[in-house]
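What follows are several structures.
You will see subunit A twice below: alongside subunit B first, and alongside subunit C after that.
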Partner chain A sequence: MIAYIARRMVTAVFMLLAIAFVTITLFFGASKDPARAMCGKPCPPETRAKVSAYMQTDQSVVWQYTEFVKGLFVGRTYGEGARQVHCHAPCFGYSFPNRSDVTTLIAERLPVTLSLAFGAAVLCLVVGIGLGALSAIRKGGIVDRFSTGFAMFGLSVPTFLVGLLVVQVFGFMLNALPYSGFVSFSESPTDWAWHLIGPWMVLSFILAASYIRVARTQLLNELSADHLVAMTARGASTRQVNRHAVRGVMVPVVAMFALDVTALLGGSVIAERVFSLHGLGDLLLSGVNESDLSIVVGVTLFSAFLIIVGNLIVDLLMPLLDPRIRRA
Partner chain B sequence: MANRSRRVVPAGLALVLALVMAGCNANSQSTEPTKDKNTALESVPQGGTLHYLSRRRTESFETANAQMVPTSRLRWVHRGLTSWQTFPDKDTILVPDLATNTGSTDDGGKTWTFTLQEGLKFSDGSPITAQDVKYGIERSFAPMFQGGLGYHKTLLVGGTDYDGPYDGKELDSIEVVNDHKIVFHLTRPFGNWPWIVSMPAFAPVPAAADTEPETYGEHPVASGPYKVTSFRKGSQAVLERNPNWKADTDQARFAGPDKIVLDMGLNNDTIVQRLIDDKGEDQTAISNALISPSQFQRIESDPSISRRMANSPSGYFRYLAMNVKRPGLSDVRVRQAINYAINKAELQSVYGGPKFGGQITSTIMTPGIPGYTEYNLYDGGDTGNVDKAKELLAGADVSNLTLTLTYPTDVSAIEEKEAQSIKNSLARVGIKVELKGLDGDTWHELVSSADGNYDMTTNGWGADFPSGTSTIQPLFASSEIGNGGGNASQYSNPKVDAAIDAAISEPDLDKAAKMWAAIDKQIMEDAPVVPILVQHTQALAGSKILNYFIPAYPPFANELVVGVDH
Partner chain C sequence: MSEPILEMTNVSKRYRTAGGFGRRRKGFLAVDGVSLRIGRGEALGLVGESGSGKSTLARMANGLVVPTSGTVRTDGQDVACLSRRGLRRLRRNVAMVFQDPLASLNPRQTVRQTLANVFHAHGEATSTAELVALLESVGLDADYLGRYPHEASGGQLQRVAVARALALKPDLIIADEPTSALDVSVRAQILNLLADLQRDQGISFLHVSHDLAVIRLYSDRVAVMQRGRIVETGPSDEIFRSPQHSCTRALVEATPEAELPA
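Here is the complex of A and B:
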């Protein structure tokens, strides 16, 4: 087991290094010049060259990459003498538009993204599995028809539309929820939740759709599986049968859930934008808009790291849930 | 401001009632001049709390790299050597701020002297001296403060090699004669220098307070009427009165509200919706949100909302640049033919019509820029003159001409429609246009590179200070071809270059204005561009906001003179 985890971790490191390289290459390939965005007005060539040299974006992609990797371990210094700025290890780069190192920026934004992901994940799991299971148990009933329609709607409607509708209806028309803003949990847990209900509703609505479908289909499959039919035939109670069926449902749900949560932790660009929440998704978007290489690479890597860890956790959990995998 | 107007964030919003079509264009066939012409208030009530809803998350009161006009919120806290007075119905003027006058020169504009008023104090009680002004400017040269309005960086002698004060070096071309007298030595005569010293970098900064430069803008020492009492990065700033500021020393600020709450990083559409709803604290709010064309109809149909919306009487210059170095377009008759051929009325409706979209124009400078004079060298009416265009093309012996038109695709959907309209216009005279939409960065690199591998591009421009120096020079001087410059027409005329140089140098700005008017026409005789629109800007304010208007220049509201009806 330990050897397995170690092997996976080594692969993960290489994968992250490859992702960093691809991100940096793509960034410069898309003729993004961070120096132009930071040059001010007017921007004569001398100024632009000076800015570019200071930000170290005048160097080749390979140089950028090696410096980036080096920065992760020993930090990075931009400029010299009293004019320098230093980015401590692990340095994901320094964002000049924000006058801050990217590690600090990610740390600042993480509480927002964590809060958003936490609530959305819990809600989506409860609603998704709950509705999915109910529809499977009463197949063809009112609940089933409602939740199948609900899932269909959730899968097909774009996030921004749901977001805008929630802001419009609950924020402006009913004046029932705040339309934007974030209050930290430590400041006031009630205000924290109060400000997040809207975005939680939106994200869980979109995400729950797939859980409803998976839970429903999976449970139906399980219930008609040979071993459960045999159990029922031998007089096992519905409760006992269901308990066995749920175990089968959990395998795909856990796999999906782990990946969804890690994706949420990487930031939800649209929900964050609609509700003026400044989490990682918003940070990444501003990095792209401002041609801020450090933010783009830093946040991309952070999200990739989460996804890799999420995958690893799923792979480790799976054998515990499903003995067949253990045997394989 | 930037050279792509659709990306420009109006730093402010606008007057509640006035929709003054000041100095408008004769081509504005369908615009009815509004009757309720407003004049600015001479003062506003003292007291109340002003709310500012900002869509920018990175709000700060850092002056070294700010790119905001002197009538913006940054200047609640900071004063400059000079500042601007704006009016809904006449041109913006330069007024002394910290200085006693707007500067003097006795060598034709190469050396400028300013004297500070006596008895001015910072919020911390220390006196505001010439040394503090010098230090503030020097900071803007530090590499960590890249960006911002940096006209002074190349104009001050030694500026290009200077890297700021943090390693103990001074910029000698900023000469502090005594506590109150400061002299600037420039690399060339520059008539608009008194306007340059109104820019953010000319705010005083006491060196002793600059211990943590990176975050100085969050808790700066104030010279203006307000000081920052609380600052939560990316979230909220609260400003309260600076007791050391004296109203009788300041011609630019009314300082009405007792308190200002600045909320940052809000969703643009949410801000607009909140201002439309006008509930609670939002009644005393202004913002920098952009109103999208889809919202105009709703606002327009409800007088309780529309009377709170300000519309700029002038605005950004929207134009079609023709690369004069390209086959076909190198012939002036072809460029003149294109000037006749364009259906500007259609483009006007693409941008939202005469009231909200903009006024059809035929000049380079826009109303509100000194020297702006109405003329039309290629008067084909608003919809163009196809016959005249065909005649010119026949005279140039041009047939079956195919041209490329490039434009950015990621700014807004309007650019695409605009390009399509131009294509349709030119099809009428037998010119085939191939549309080439590019992502914004690629597009910018292309149209600002010296090899200029394109025929035509659409573009927009807003000046940083009201002068041909900030409108004509960046777009038409041959020094601005390539290297990121704004001369997308690749227009190079030695006579025009010489005239531009003389006008930039001229310290008598009235005289300079006349020179710019002549250059405007001189350039249009060569027809390197088709002027399309003076693009309007709009903004909403809460119902309890007073004295909120957009002047002819800049196309943003003056945030320093608003009051709260409390």
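Here is the complex of A and C:
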């Protein structure tokens, strides 16, 4: 077990290094020069060359990659003398437009994204599994018809549209919810939740759709499974049978949930934009807009890291839920 | 003769079919006015081609399927009048063995859990020794207790399914095509096991199959079903030797000459 986790960790490290290489090649090798954006409006070639040298973007991609990896362990220093900046280990790069290292920027934005992801995940699980299970139990009933339509709608409607509608209806027309801003949990838990209800609704609405469908089909499959009929035939009560059915539903739901949560933790660009929340998605977008490539690479790697960890957790949980899944 | 373990009087089952605009819901009559009787300790074979309603009929005996009309008396009780609790108590005495053991055993449970579930369902405590004895009665040894269904063969699994049926000593076992999902080589073993149980423990059997050869060797009496009705009944040898109904003749002719070891 421990050897398995260790092996997976080592693989994860190599995977991250490879992802870092790909993102750095893609972005720093691309035609857009980050020095150009930093240099200012009249940008004579000499100044631009100087800025580029200072930002270390004049070097080859391979050199930049090795510097990046080195920076992760020992930190990285840009420029010299009075203009010298140091990025402490683990250094995920330095954002010159923000005058801050990327690690700090991510850490600053993380609480917003965490709050968003947490609430949306809880809400989507409750609504998704709840509606899915209810519609499976009363197949063809009112709840089933409603939630199947709801799921269809949620799957086909784009996030930004739902977001704008929620802002328009609850924020402007009904004046019932704040339409932007963030209050930290430590400041005031009620204000925190109050400001996040809108984005939670939007994100969980989109996500819950797939949970409704998975929970419904899976529970329908389980309930008609021969082994549960066999339990009934041998005198088990409905409660006992349902307990076994739920277990069968858990496997795909847990797998899906872990991946969705990690994706949420990597930042939700659209929902954050619509509600003016300054989370990781917003950070990534501003990085792209300002050609701040360090941020793009940093956030991408952070999301990749989360997804790898999420996958590892799923792989560790699965054998507990379904003993047929054994590790080689 | 004492009271029969199972007595069905004029039972019918109509399944609803999907209707649509302008179409009348006609329904499908799976079982059409059947009467049937199984005495204590007797093994009745129910044969018929697929879709003839034999599984539906068998499932009415323990209340898995509720008849549209007619009465089913199992173990002296009218199944339709039983409460949920009463039904559960009935199912303690009337066990069932399904066609495909891989499907009818929970893939996420060990053999031990599957067998113990029967005891738990009826609020009974159980011990390892008891479960081992149960396994041994179907010819499996104790190390099967820790296995999951995917770690055993079809024949072994069907033995486990029989063991599950035998737990808490039932009076009637309904075997719904217990060997048709199995390899020919292990069929005879399972059938012999069931025959031994009938002889040694006095358990009554309702043995459903589409294979007349199987029924002939392991049943005292045979009922032949066609399109929801019983078209012929009688002692198995007699039916096999001189089939009266055209359907029975077709079934007899479809039976290969080679006989199973009795």
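Heads up, the rule we're going with is that the second predicted complex is superposed on the first by the 323 of 328 C-alpha atoms of A that agree within 3 Å, B and C clash if a C-alpha of one lies under 4 Å from a C-alpha of the other, contacts with A are read in each partner's own complex, and residues count from 1 in each chain.
Quick note on the criterion: contacts are C-beta pairs under 8 Å (C-beta built on N, C-alpha and C of every residue); 3 or more make two chains touch, one makes a residue touch a chain.
Here the structure is a predicted model, which is why all the values come from computation and not from measurement.
With the C-alpha superposition on subunit A as described, subunit C and subunit B fit side by side in the combined arrangement. Of the two partner chains, subunit B is the only one that A:R83 touches; subunit C does not reach it.
Shared-chain residue A:V167: touches subunit B; no touch with subunit C. Panel annotation: after superposition on the shared chain A, the angle at the CA centre of subunit A between subunit B and subunit C (CA centres) reads 150 degrees, nearest 10. Of the two partner chains placed around the shared chain by superposition, subunit B is the only one that A:M38 touches, whereas subunit C remains out of contact. In the superposed three-chain model, the partner touching more residues of subunit A is B, compared with the other of subunit B and subunit C.
With both structures placed on the common chain, the touch criterion links A:G235 to subunit C but leaves subunit B unconnected. In the superposition on chain A, A:D322 makes contact with subunit C only, not with subunit B.
In the superposition on chain A, A:R247 makes contact with subunit C only, not with subunit B. In the composite built from the two structures, the nearest CA pair linking subunit B and subunit C is 46 Å apart. Every residue of subunit C that touches subunit A in the complex is listed here, in rising order: 62, 64, 84, 87-92, 95-96, 98, 100, 103-108, 110, 117-118, 120-122, 148, 150, 161, 164-165, 167. Only residues 30-33, 36-48, 50-51, 54-55, 78-79, 81-83, 85, 96-100, 108, 164, 167-168, 171-172, 175, 179-180, 182, 273-276, 278, 282, 286, 291 of subunit A touch subunit B when the two sit together in their complex.
Contacts from subunit B toward subunit A in the complex involve residues 1-2, 57-58, 65, 67, 142-144, 146-151, 153-154, 160, 163-164, 166-168, 214-215, 233-235, 265-267, 269-270, 273-274, 277, 279, 439, 441-442, 444-445, 464, 474, 483-484. The residues of subunit A lying in touch with subunit C in their complex are 225-238, 240, 244, 247-248, 321-324.
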